[in-house]
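One chain, chain A, links the two complexes that follow: it is found with chain B in the first and with chain C in the second.
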Partner chain A sequence: MVDFFWAPFADFAFMQRALVASLALGLISGPVGVLLVMRRMSLAGDAISHAVLPGAAVGYMIAGMSLPVLGLGAFITALLVALLASGVSNVTSQREDASLAAFYLMALAIGVTLVSMHGSNIDLMHLLFGSILAVDETALILIAGATTVTLILLAMIWRVLLGSSFDPLFLAQYGRSGRVANQLFMLTVVLTFVACFQTLGTLMAVGLLMLPAIAAKFWSRDIPIACLLASGFAMLSGTIGLLLSYHASLPSGPAIVLTAGVIYLTSLFVGTHDSLLIHTIRSTRHRES
Partner chain B sequence: MPKHIRPLLSIATLSTLLLVVTPSHATEIKPINVVTSFSILANMTEEIGGPLVSVTSLVGPNSDAHVFNPSPAHARALANADVVVINGLGFEGWIDRLIKSSGFNGELAVASNGVQPLDFADEHESKVPEKPDHDDHGHKDKHDHGHKEAPTESHADKHDHDDVDPHAWQDLRNGQIYAANIRDALIAAMPAHRDQITTRAQQYIEEIRVLDQITRERLEPLAPPLKRIITSHDAFGYFARAYDIEFFAAQGWSTDREVSAGDMATLIREIRQDDVRALFVENMSDPRLMERIAEETGVRIGGKLYSDALSAPGTQADTYLKMFNSNVNTILQAIEP
Partner chain C sequence: MNAALNLIDVTVAYHGHPAVHHISGRFEKGSLTAIVGPNGAGKSTLLGALAGLTRINQGAVKLDNAPVDYQKIAFLRQLSGINHDFPLRVLEVVAMGAWQAVGAWGAIKGKVLERIEQALSRVGMQGFEDRLIDELSVGQLQRVLFARLIVQNAPIILLDEPFNAVDATTTADLLNVIHDWQADGRTVVAVLHDLGMVRAHFPDTLLIARELIGWDKTETVLTPENLARAQANSMVWHDTASWCHVPGTLEAADIKAPTGSHRHG
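Moving on to the complex of A and B:
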């Protein structure tokens, strides 16, 4: 038993790094994911995952295969797309997700054009968004930095975010500072996603961020508790996913996301709040009475 | 010394002969159509046939002969061929049916005729120590591909052969046999040009022989512990036997699927256990993975080894001899202290 859980991490440095990376990412993906769900922006992650492409491409053209530069490029374009989207939705009456869709699609097209014009036969997306097994020192520092900044930012705007998650008008009351809070939140979202992309790959990163958060909503109505739960689920998914990848030779990214998926399905069926089990009990009680 | 001079002399003789005899025929030479199964044979045939042949390769440079899917165009090329050159040893599992369906009825040359075949089973098992403490199923899998897979359905990643290793060209002495076989086939197809073909072949075989000797001189002096290498190809059995390099297979490592933590761990364990010096495992999905392995084990990551196909024309391994030399350089670069 000890061998099963302990030995992989004790014997191999790459497993240790992967574990640390997934724990750190799990820590921030909880609150960020839950807040996204609360604000009905569960799919924003997918949009942002595509918005990073042009920046990564430009970064690659300038500095070649340098992880920090690629990450910075990705961060800048993703942030630009997120801020433009929220800026447009502040000024006009269009919803934020509509503007986000518009901007990320343009960014994606620009990114694909840049990559194909450059004509590199190295698959940029693969290089940039590699496997959690390939996490090196630089990547760990980037992840730790992104995690720290995200947590501090979240703490600063926590109260405003909490209020506005229930009632968007709440944010409007705050006026300018409310808008700043909203944009700071988008900054944390982008930071979290870029950190995740570096290690998990674009598609899988969204899974680690959103699945635990959505699962946590089946267990608690209270946002802080849901955030803690989501972080716990994400860390658990990371750990179990890595062990699965180790013992069953499954690709690491999908193994982690599938573990999170299993947690989500379990929560969906037997969660204490709004789950299928609760609904069944309630409807039978209904009929009985 | 005479060996070096003889081909030169015969060229001289021949060119004089040609000058004297063939001015009227020269315009009439219409190259015969030769179809080869893959790029290495195509290059050899071109070297030997020169202007007398027009060579088409069914599987082109940089392409994988294992996953080849014949198209009607390939069948047409075969139907128009005067000579077809294949490797044999079960390398081209798809060739028999393709030849039959194309209606080709010319000269079929098996280039590997006369080489001493190597069993797949012999290659690694004798050298890899048993490892009872961890999963050696990957190892078994690797070999089972060679042994049991039904020839009709093995499109996946291994060859369509029973249990011999078909990559005989990875030993330059076999390369000389290949060249001789191709020479004989070309002569049979156009006996009128016997002399010209013989001269060109002789010259080419000599080139192969010289490279073989050079390779031996470069690799043999290395101390045995340096010559331990892991590859993801199981294509270097003949190379290992000829030049005394120990190749270990990267167990369960596949270039075209996403890597799992288990794969990484297995590979790292092997490197530590076998005291391997260099790693030639290609996984383009993420070069950083290879860097992690290097960091964790101190092994050196080598460049690309060419096994079954030449590189694109104009690049560093676009002929058989250049390909071979490039492999030797790559290996030396990785293992030399």
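Moving on to the complex of A and C:
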């Protein structure tokens, strides 16, 4: 039993690096995911994650499977898509989700075209599903950097972000802080994806971000508590997913996301708030007053 | 503390059609005014323009003949614009009112916390500090938002349909708060639909149906003739109306706003 949980991490350096990476990613996935869910942007995360592809593909064409270059390319295109989407929705009366969809679909098509023109299918699989083997020292430093910046940014915009999520126009009267905070929040989402996609791939990164956050809402409605829970769930998913990947020779990204999926389903059934179990009990029980 | 809001030939248009058309007048210091008019009359648009949230196409709003310092204006938008499901705590919402004092990073403690507690007890919500907003009824939420206005402590307060979907007890309590504000010398402007309430509680009335129908003492404005005119006016809408050109009847010094053409009617 101890061997099952301990030995892979004790024996192999690449597993240690993968574990550290997924713990760091889990830590930021919690608050970023919960805020996306609370702001009804669950699918916006998905859109941004696809916008990573063309930049990563260009990075691949320039430098091969070099994570810093892939990460930089991914960062640039994802940020570009996020900024274009919010820019268009600011100027026109179109909603942000519509312009986000338009730009991410174009980005995705460009990305797939680039990969199919210049890479092999194996490379595409790496980009889409990630690889824990690819996490070397440099990648680890990159992930640590991105997660640290994200956490600090999030702490700085926390109050403004929550206030403007509740009442979007209130802060508009006191200047631009609300808009700036919203843009910085998109930056944290992009940073989170760039950090995630190297281990999880562009397709799977959004799973680690959203599933723990949605699961956490079945345990608490309080935002800080939900964030802590989501971080915990994401870190747990990372650890167990890596072990599954190691023992059953599964690709790491899907293994981690599937673990998060199991946590989500469990929460859906037995969570302490709004779960199926609570709905069954509440149907007959109520308080005196 | 108190200040007057001057409207100089204010026009706000959407897609070229005026929602608020050439309105001039003055909300006096310490006045309590109701904005009344049929649906689509431009009431909320006018309020948004006063708060600096809606772009004015033509004309200008001035605060004592100076450019408006929007930090002196507290604006409570319609409840429908607020995300009632977002699980902030009551204390956190009321604390938003202290934005100027604490900003994005300042601690909420001491005097600020005292002001928040006083505001909560003024609206009858003491003891609710740690409740989540999504657990509150509409009336309780409106009390909390009034507490936020109290903490904002602004000399000019704008309210957009503050009593929509709010029960009689809450309405009475909040009307009390509004009268207190007026007694403090604040200028209060509220968009309302209930003419009985306007006659009972609001000394001045601005009746609008895109154009100004009347702006004076409430009993002078709310006549059957004026109300019928407002009702008829709000329905008229011409897609082919000619473009509106303002004759130079105003002191040029008063107008520094960007010009924007818009259609009549």
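Note that the second predicted complex is superposed on the first by the 251 of 289 C-alpha atoms of A that agree within 3 Å, B and C clash if a C-alpha of one lies under 4 Å from a C-alpha of the other, contacts with A are read in each partner's own complex, and residues count from 1 in each chain.
To be clear about the criterion, a residue touches a chain if its C-beta (ideal position, glycine included) is under 8 Å from a C-beta of that chain, and two chains touch if they have at least 3 such contacts.
No experiment lies behind these values; they were computed from the predicted model shown.
In the overlay built on the shared chain, the residue A:Leu250 is in contact with chain B alone; chain C does not reach it. Once chain A of one complex is fitted onto chain A of the other, the partner contacts of A:Met156 are limited to chain C, with no touch recorded for chain B.
In the superposition on chain A, contact is made by A:Asp136 with chain B only, not with chain C.
Of the two partner chains placed by the overlay, only chain B lies in contact with A:Leu242; chain C stays clear of it. Between chain B and chain C, B touches the greater number of residues of chain A. In the superposition on chain A, A:Ala18 contacts chain B only, with no contact to chain C. Those residues of chain A that touch chain B in the complex are listed here as 8, 11-15, 18, 65, 122-123, 126-127, 130-131, 133-136, 242, 245-255. Of all the residues in chain C, the ones that touch chain A in their complex are 51-53, 70-71, 73, 75, 77, 81-83, 86-88, 92-93, 96, 99-100, 104-105, 132-134. Per the touch definition, chain A reaches chain C in the complex via residues 38, 156-157, 159-160, 162-163, 165-174, 177, 181, 221-223. Interface residues of chain B facing chain A in the complex, by the touch rule stated above, are 252, 257-265, 268, 284-289, 291-293, 295-296.
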